[in-house]
Amino acid sequence: MTIGFKMEPVTANPTSSTVNDREVRETICEICRNLYTLGWVSGTGGGVSIRRGETIFMAPSGVEKEKISPSDIFELDIKGNITRGPKNETLKLTECAPLFMSAYELRDAGAVIHSHSPNVVLATMYAKRIEPGLSVLEITELEMLKGLAGHGYHDVFELPVVDNTARERDLTDSLRRAIEKYPRTCAVAVRNHGIYVWGKNEVQAKTQAECVDFLCEILVKMRQNKVTKEMHPMGI
Amino acid sequence: MTIGFKMEPVTANPTSSTVNDREVRETICEICRNLYTLGWVSGTGGGVSIRRGETIFMAPSGVEKEKISPSDIFELDIKGNITRGPKNETLKLTECAPLFMSAYELRDAGAVIHSHSPNVVLATMYAKRIEPGLSVLEITELEMLKGLAGHGYHDVFELPVVDNTARERDLTDSLRRAIEKYPRTCAVAVRNHGIYVWGKNEVQAKTQAECVDFLCEILVKMRQNKVTKEMHPMGI
Amino acid sequence: MTIGFKMEPVTANPTSSTVNDREVRETICEICRNLYTLGWVSGTGGGVSIRRGETIFMAPSGVEKEKISPSDIFELDIKGNITRGPKNETLKLTECAPLFMSAYELRDAGAVIHSHSPNVVLATMYAKRIEPGLSVLEITELEMLKGLAGHGYHDVFELPVVDNTARERDLTDSLRRAIEKYPRTCAVAVRNHGIYVWGKNEVQAKTQAECVDFLCEILVKMRQNKVTKEMHPMGI
Amino acid sequence: MTIGFKMEPVTANPTSSTVNDREVRETICEICRNLYTLGWVSGTGGGVSIRRGETIFMAPSGVEKEKISPSDIFELDIKGNITRGPKNETLKLTECAPLFMSAYELRDAGAVIHSHSPNVVLATMYAKRIEPGLSVLEITELEMLKGLAGHGYHDVFELPVVDNTARERDLTDSLRRAIEKYPRTCAVAVRNHGIYVWGKNEVQAKTQAECVDFLCEILVKMRQNKVTKEMHPMGI
C-alpha cells in the first residue's frame, strides 16, 4: 500500500537524493498487477514507467506484467540511457522506451501507462482520419471527461490516434507530432494497438488512464447499440 | 468484516454517543474497494456516504476510491457543515456533498452511494424526456425489482434521470425535484454521468445500488439485442 | 478449502451422525462468495442449499450473500421444517425453500444453486412457448453440454423456463411440473428472473450451474451477433 | 510465486534428474486458478499440461480446475503412459491427453493450455471452411499478433479450427493434421468447443493463450459492431 504517498503527490522534480527507489519500484509492480486484473496488459503487453526527478523507472519488456518484482525494473537517465539494469540480466528494456521518454520530455510527465485495453483497440477503429498516419476521436458530454486535466463535461476531448507500425519504436515520430498537435491531450492512442496515457505523477496517470478507457468503452458500446443523435450528441 | 453489524442494521438515529466512528469509516473504505472491483468508481469517480444519527461520514473527492483509508473520511453535521476533516489536509470534500445531503434530508436515508457504472451511463441515454432537464426510465417484469424497497415483479420502477451539469453541485436542485416528484424511488440517475442510490442504511444502499445496476444492464442489453415486445414487455 | 471433500464426493445419504455441520456451513459461505464474484447473487439475490442425509442446509434470505457466515445458515429436515435456525434471530428463511425442496424430493439432489445471472435472465427471453406458463430453450452442439450429466455434444439440452410470479413460493407448482416434464434436465430457469440448478452434491451443482450459464451466455451472444444457421445449428 | 523460474525459462529438455516436481505441480495449480478467474475453465472444462524433459505433468479431468492441489497431478512419460498417478485414486486422466501429447511430439512444446473461453467459442463460428472438418480464422493488423512467436503486426495469423467430435480423444487426428498443415501456428481451435495453445514453456503457453484470446475477442466484437473494411482490414 502506498496511501501516504498517493495522498501527498510528489512534486515533479525532487532532487535525486530524496528518491526512495524501493517504493517507486513496488508502485510499478502494484500498478502492473492492477492493470492485469483490468485486462489491459495481457500476453506481456503494455507497460508502466514512473519518473522521480532525473531518474526514470520502467517495467521490463516481454514478460508477464502481473508477476514482475521490484528488482526487475530498469532505471534510465533523463536522456533515455540505462543507468541501472535489473538483477536478472536476461530482461530487456521495452521498445516503448522512446515513447515513454516523449511524454517526459514534451509534457514534463511524472508517469506514463501503456495499455492494450480491448476497449481502446476497438475505439481506435472509429477514429476519423485527419491526415496520413493520424486520426482523432472526439468525445464529449460524458461526466468522466472531468477526470482528464483541463476538461469539463461540455468540452470535446480530442484523442489523437496514430497509425500503428511494425516496430514499436517507429511510432516515436508520429506520437511526438500528435503530442505537439494536441496540446490539451493527456493520451495518444495507437490504431489497432492500444494507448499511452500520462500524468503529473503515477496516480494521475492511472486515474486518467481509467477515465480514457471508460470513455472508449462508452463510445464503442454507443456504436454497438446504435445510439442516435437524439439520445446523445455523439450518436449516429 | 462487519458481519455482525450488517445482520443487525442500525436504527436510523442512534444517539451520537453510541456511534462507533472507526467501524463506519472502515465500512466506507470496504464499500469503496468493492465498488472499484465492480467498475463503478474508476478514475476517482463516484463516492460513498453513511449517516450515524446526526453525524454524516463522506469519502473524499478526487482520489483513488479503492485506496482511501479510515483517516481520509470527512464528518459533517446534519446541516452539511464539516465538523471533522481528514488527517491529510490536502483532501477535499466531494462536490457531491449537497446531493448526498438531499437524500438524508428528503428521504431520511442512512447511506448514499454514487456510482459511475457504465451500465447506468448507457441506460440514461434511453431515458424518455418528461420535461426540460428531466427524463425517466421505466423498468418492469424483472425479478431484481423485488430488491428495491416497495417494488414487486409486476410494478413499474420509475427511475428519474436528470440532465447533467458542468458542476456537480449544480445538480442539487434538479435532483431534489426528482426525489420529490418520484416518492417511491430509491435512486436518481444523472444523464451521461451515473447514479445516486440510497437506503435506510449502508447495506440497503449497496444492495439497492446492485439491483438498479443489474436492471440498467439488462435494459441496455435488451436494446442491444433488439429484444421485442413478444419477448418481454420492455421490448421494442 | 474443501479439496478433500470435493475429490471424494459424499454419498447422497450418509447417516446424519456422520454429518460434519461446520464443513457444510463453510462450504455454503464459500460458494456464495464465489457466486457473488461471478455476478450471480448481487443485490441479495440467489441462494445455495446443500443436503447431508436427512438434513438440509440453506443460506438465509434477503442478505448480502457474499458476507454470510456459517452461523447464519438454516437447517431443515427432509419435510422442509426448520430444525435449527441461525444464531441471529432476525434472519429469515428464503422463499426459495419449497423450490429447493422440490429438487431434493423429485431428483434426489444433494445440492441446489439459485442464480440471478444476467446471462440466464437474457436467455430466458429467447425461450420458445410450449404451453401456458412454460417455455423451453434448446441448446446443442456446444462442448460445454458435456458438463451436464447425461448430455453429449450432439444432444439437445432442453432447458425448461417457467413464467415468473409475484411471490417466489408461487413458482413451486410450475417448477415441479417442469422437473417432471423434463426428466433429463438438471436445471429449471425462471423467465426474467434466474435459474435453479442441482446436482448429486455441491460440486456437481456448482459445475453444472457454470456450464448452463456458459451455454446461456453463448446463446445470447449468438443472437446479439446474428449468428446464422450456416455458422451454427442454433443460428437464425 | 514462480518469478525466478519465469525469468529464466527452462531449456526444453533438462535431464529428468534436475526436475523439481513440486514446483511444476504448483505452477499447474496456479495457472488453473488464473484461468478460472479469466473464465476459461469454468464447469470443470479446460486443462493445463507442462513438460520437464521426458516427464509430462497433467491436471486431472472432470474436477473444478481452480481447486486442484499439487498431489492431484498426473505424470506421464514421453509416450503418453502414466508413470505416476495422483494420491486421490478416483481422479481420472483427461481425455485431452492425446491432444496435449501431439503438441509435445509434433512441436517440441514445453507446455500446453486447453481453454474453453467464450471469446474463442464464438470466434470459431466465424471460421472459413477449407476442407471437410477444417476451417481457418485469419487475423491481421492487430498489435497483439506480436505476442505470437514468429508473427508481426502486418502478418496474417492463420488459426486452424477443427470440427468438434462427440469424444475429445477423437479430435486427435484432425488436430495433428492441422498442426502439420499450419506449421507457424501455436494454437489449434476446436469449433464450438475451445482451443489448444502451446509454447516452449508454460510462460509462453500462457502468454500466447492470452494473445490468441484477445485476438478472438476483438474479432468477435468487430463482427458484433459491424466494423467495415474502411475501419479495419478484417472488417466486412
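Which chain is which? They are A, B, C and D, in the order written, and residues in each are numbered from 1.
Definition applied: contacts are C-beta pairs under 8 Å (C-beta built on N, C-alpha and C of every residue); 3 or more make two chains touch, one makes a residue touch a chain.
The model shown is predicted, which means the values in this text are computed figures rather than measured ones.
Touching subunit B and subunit C together: no chain.
Taking shared numbers over all numbers used, the subunit A to subunit B interface scores under half, which places it in the different class.
Annotation, subunit C versus subunit D: rotation angle of 90 degrees from the Cα superposition, expressed as a multiple of 5.
Each chain gets a centre from the mean of its Cα atoms; for subunit A and subunit D, those two points are 30 Å apart.
Once the centre of each chain is set as its mean CA position, subunit A and subunit C turn out to be 43 Å apart. The residues of subunit B that reach two or more other chains are 224, listed in rising order. Shown are all chain pairs that touch, namely A-B, A-D, B-C, C-D. In the complex of the two chains, the subunit D residues touching subunit A come out as 1-3, 6-8, 141-144, 147, 152-154, 203, 206-208, 210-211, 213-214, 217-218, 221-222, 224-225, 227, 231-232, 235.
Residues 42-45, 63-64, 67-69, 72, 88, 90-91, 116, 118, 121-122, 125-126, 164-166, 190, 192-194, 220, 223-224 of subunit D touch subunit C in their complex.
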